[in-house]
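Scrolling down, you'll hit the structures one after another.
What follows is subunit A paired twice: with subunit B in the first complex and subunit C in the second.
The block that comes next holds the complex of A and B.
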């Protein structure tokens, strides 16, 4: 009896080890390659590791008046504007969708989902021709607008789910005690909604920071955000420079992944109405 | 999945039944619509207008209004269309198998390592996945470096710049979201169903196939449609790891505009990609409904 148990245990252990090896290699392999390239000065086939390691390409990217730093600040500025404008329009919209008897509520929610759930490229192509006529193609304003429309789903859906999760009784109690409707919203509902609003801001920020297609069509060639710079470097086989930017763009996502871990529970996703 | 929705509906009807006191203010549609208006106006101007414009402009060419752009699109890009659908369906099938396997495993076993690691690609943007796969799968890339050391074969063909690299990149990027959604649905299936089946001698595989999957049908559907749409619409991965020919439709669309300045055919290709998405989503939906009816 114990023999059978032992073989079963071994089989489970071996299966686990096989899964760890395959999954570990499959998931970490491509990222490890990019990380190695960012620190490689010389790496010729068929050497298993770079012949020469160094911080040269990191130094190039991060010191002095480098193109990479300019692109980084531009990307961050655009992302912050997108977050600000996005929250400004999404908080009232999310509140209304959560609390009011808005006609065609389902249709409206699907409409806000559309930019993420339908091919985006043709929309960006036409946006670029419309923006060109309006003279905002190739400007920060144009790129910001492109980022806003694709991140609207995160801000509207997450704020709606957040306001839904806050009991309406709390607002009613505040109003009962003499607060105005607007006062109750700012004093009671908004502070309670803060974690959800922060989650939505993070999604919007990352989405804007990493956005490529819209920036490429609406902003090219004047607006050089970090993703555009990375793409140009990678297409030009400038592996080190591209890898440095790739790592720079990955770090914020991984940091926020740790923060969002709380929010990314399956139950929360369910709250989004999926 | 069902309980919260039911509760929501119950509380909603309770609210409707209760006459709101006068100080609570109106809850009619008008103030709600006003609050939504800014977001909706933005969506209309920046999304719906370009979307409609892509449909309208696909019928306009130098020859006037008609199907000229579509005739040209089909004569130039029929192979790419079939290639795009083929690659997308293949990626979708692999994503389905992997995500159901991981979600099924995690439904029965607690394994924090796996639960953490599988989510990693969720946080890596498409563009970075494209670049990393370019480095990893190239003929002289990291994968071949390791494989040629193990096998002793000096020159191996690279997976990048071909259909293999494309499928690997799409699957790598897409399976975590599908797994996350499907696992969420699996976890909301009550333990008692699963225990009953296991006690009666069903294998875990059979429990997944005959209990977990059918109950989670709608969520699985959503996960697959999301995967399908983001695969068929992705521009960066095929630009970075695709073959020069045949290419995925988004690449054709992009080249049509940037190299040929031909917006009509690009828009026709765009509308064709809308139609592909709608047709497959519809077919899948219908199939699911029939399965549930049987």
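The block that comes next holds the complex of A and C.
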């Protein structure tokens, strides 16, 4: 009996290890390659490792009047604005859609999804021609708007679902004890919605940081965000510079996660179902 | 603490009348149980008292003050919801304190009242817990404490015990009753459990399709149900329908060979309901000669079930009706017996 259990346990264990290893390679394989590239000075095919290591490309990226740092700040600024505006729009919109009989509710939600239904390229090409007419093509405002169009879809949907999942009776209970509707929202609903809102904000932030197509069509050549810069570098076969940027692009995500982990109460994370 | 008066309260949802001209008075310090099947408008009634449902017509007076159009947060009612509606991100203490903070009381007063409330529902020591760390019964008591701590004029309980298992429900029912009497707080208690309603209420209201079918003291409504629906809802397990017959002496219906008079508003050939409670029939009893208080009829034991303290018999009458009768006597299945029941305990509608 115990023998059978033990073999089962071993099988499960081996299966787990295999899966973790595969996942690890899938995630860290490319990352390791990128990391190697960023520290390489010379790396000619077919050598398995670079012939010459050095910090030259990192130094180029991080010191002096560096294009990379400028692009990093621009990317982060745009992402933060997109998150802020996105929350300002999606919290009231999501709450209204979740709680009230908004006329044309279904149509509205589908309309929101529309840009997502078409291939990205034609959507952004159209957008850029509209933005040219509005005189915001090639500006930070234009790129921010492009990012917003993409991310609002997700954030309004996630926010609506989040508010829907919070029973209205919890607000009723607060109002019954003397809270105003607004008071009940801020004291009861908003804290309970926080995990969902934060999840959506993270998503929007990372999405904006990585966004390429829209930025390219609406902002080029004036708006140089990190992904655009990376694209330019890799087009010029400058794999080292591109790798440095790629790693810098992953850093904000990691920092964001770390900050979140510190600031989110354990309950909130549990609320996310993690 | 105040008297609650409801006058002609009506609420329609499209075609549906959730409340249909409801008139009620709950005296100061009285516990009124509102009883009714699912969808009868019980929640709509308390929600309109709390201010979450705007009635189409009628008035609600609390302590003489017309609150029909007052905002819910200004009404000073306190509601305990079926799901308790405790705030999951707040501890027991924070849940109970919230209403007091909204009233801008001093910290000392808040502390005093919270202690009083925790003590009242016997929750001291659990103030630091989150709702999910409590049992169903404890959550229920937190909801009660949260409602009572703000000193409301009326307590509204919407099926407060329906999420609990039978044993706890039984105990908490009496705890609520004791508390209510001690605080002398005007209370509306919604339930669809007739036993619960009868056992704790000062008065009972039976609601169906938004209408008040009957209202009165528990004993009154139990012993004089107005129609077969009320009788059945109050726990009568036998509702027999038959046709009205007529002879020289008037209208009647037959049960187990016995003749039962039918009220004069019926027509011959019309359907009539005979309602008998399972525990109000004596099995095998012989009726003394000339007894006009009782009705005696006969039937055959078709089946039986052992229930511990008593047995439940399925009795078939000669007319082919089947009756469920509870008795502590032991009778063999298949035997033909006499049954005896108080004339007042046979309801004919």
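The criterion applied here is as follows: the second predicted complex is superposed on the first by the 216 of 274 C-alpha atoms of A that agree within 3 Å, B and C clash if a C-alpha of one lies under 4 Å from a C-alpha of the other, contacts with A are read in each partner's own complex, and residues count from 1 in each chain.
The criterion applied here is as follows: a contact is a pair of C-beta atoms (placed from the backbone, for glycine too) under 8 Å apart; a residue touches a chain by one contact, two chains touch by 3 or more.
All values reported here derive from a predicted model rather than from experimental measurement.
Colleague: Is A:122 in contact with subunit B, with subunit C, with both, or with neither (first, second, both, neither)?
Modeller: First partner only.
Colleague: May I ask you to decide whether A:89 touches subunit B, subunit C, both, or neither, giving the answer as first, second, both or neither?
Modeller: In the superposition, A:89 contacts subunit B only.
Colleague: Scan A:192 for contacts with subunit B and subunit C and give back first, second, both or neither.
Modeller: A:192 sits against subunit C, while subunit B stays out of touch.
Colleague: With both structures fitted on chain A, tell me whether subunit B or subunit C touches more of subunit A's residues.
Modeller: The partner that reaches more residues of subunit A in the superposed model: B.
Colleague: Can A:175 be said to touch subunit B (first), subunit C (second), both, or neither?
Modeller: Once the two structures are laid over each other on A, A:175 reaches both partners.
Colleague: Hey, what residues of subunit A end up touching subunit B and subunit C alike?
Modeller: 172, 175-176, 267
Colleague: Taking the touch rule as given, give the residues of subunit A at its contact with subunit C in the complex, in rising order.
Modeller: Residue list for subunit A touching subunit C: 167, 169-170, 172-180, 183, 187-188, 191-192, 267.
Colleague: In the complex formed with subunit B, which residues of subunit A make contact?
Modeller: Residue positions touching the partner: 16, 19-20, 23-24, 26-34, 36-37, 45-46, 48, 88-90, 92-93, 95-97, 99-103, 108, 111-112, 114-115, 117-127, 129-130, 145-146, 148-149, 152, 156, 164, 168, 172, 175-176, 181, 210, 212-213, 216-217, 227, 230-231, 234-235, 239, 242-243, 246, 249-250, 253-254, 256-257, 264, 266-267, 269-270, 274.
Colleague: Give the list of subunit B residues in touch with subunit A in this complex.
Modeller: 1, 4, 8, 15, 23-25, 27-29, 31-33, 35-36, 38-40, 42-43, 46-51, 53-54, 57, 111, 113-114, 117-136, 140-143, 145-146, 148-149, 154, 172, 180-181, 183-184, 187-188, 219, 222, 225-226, 229, 232-233, 235-236, 239-240, 250, 253-254, 257, 263, 266-267, 269-271, 273-274, 277
Colleague: Spell out the part of subunit C that touches subunit A in their complex, as residue ranges.
Modeller: That would be residues 50-52, 72-74, 76-79, 81, 83, 85-89, 98-99, 102-103, 130, 146-147, 150 of subunit C.
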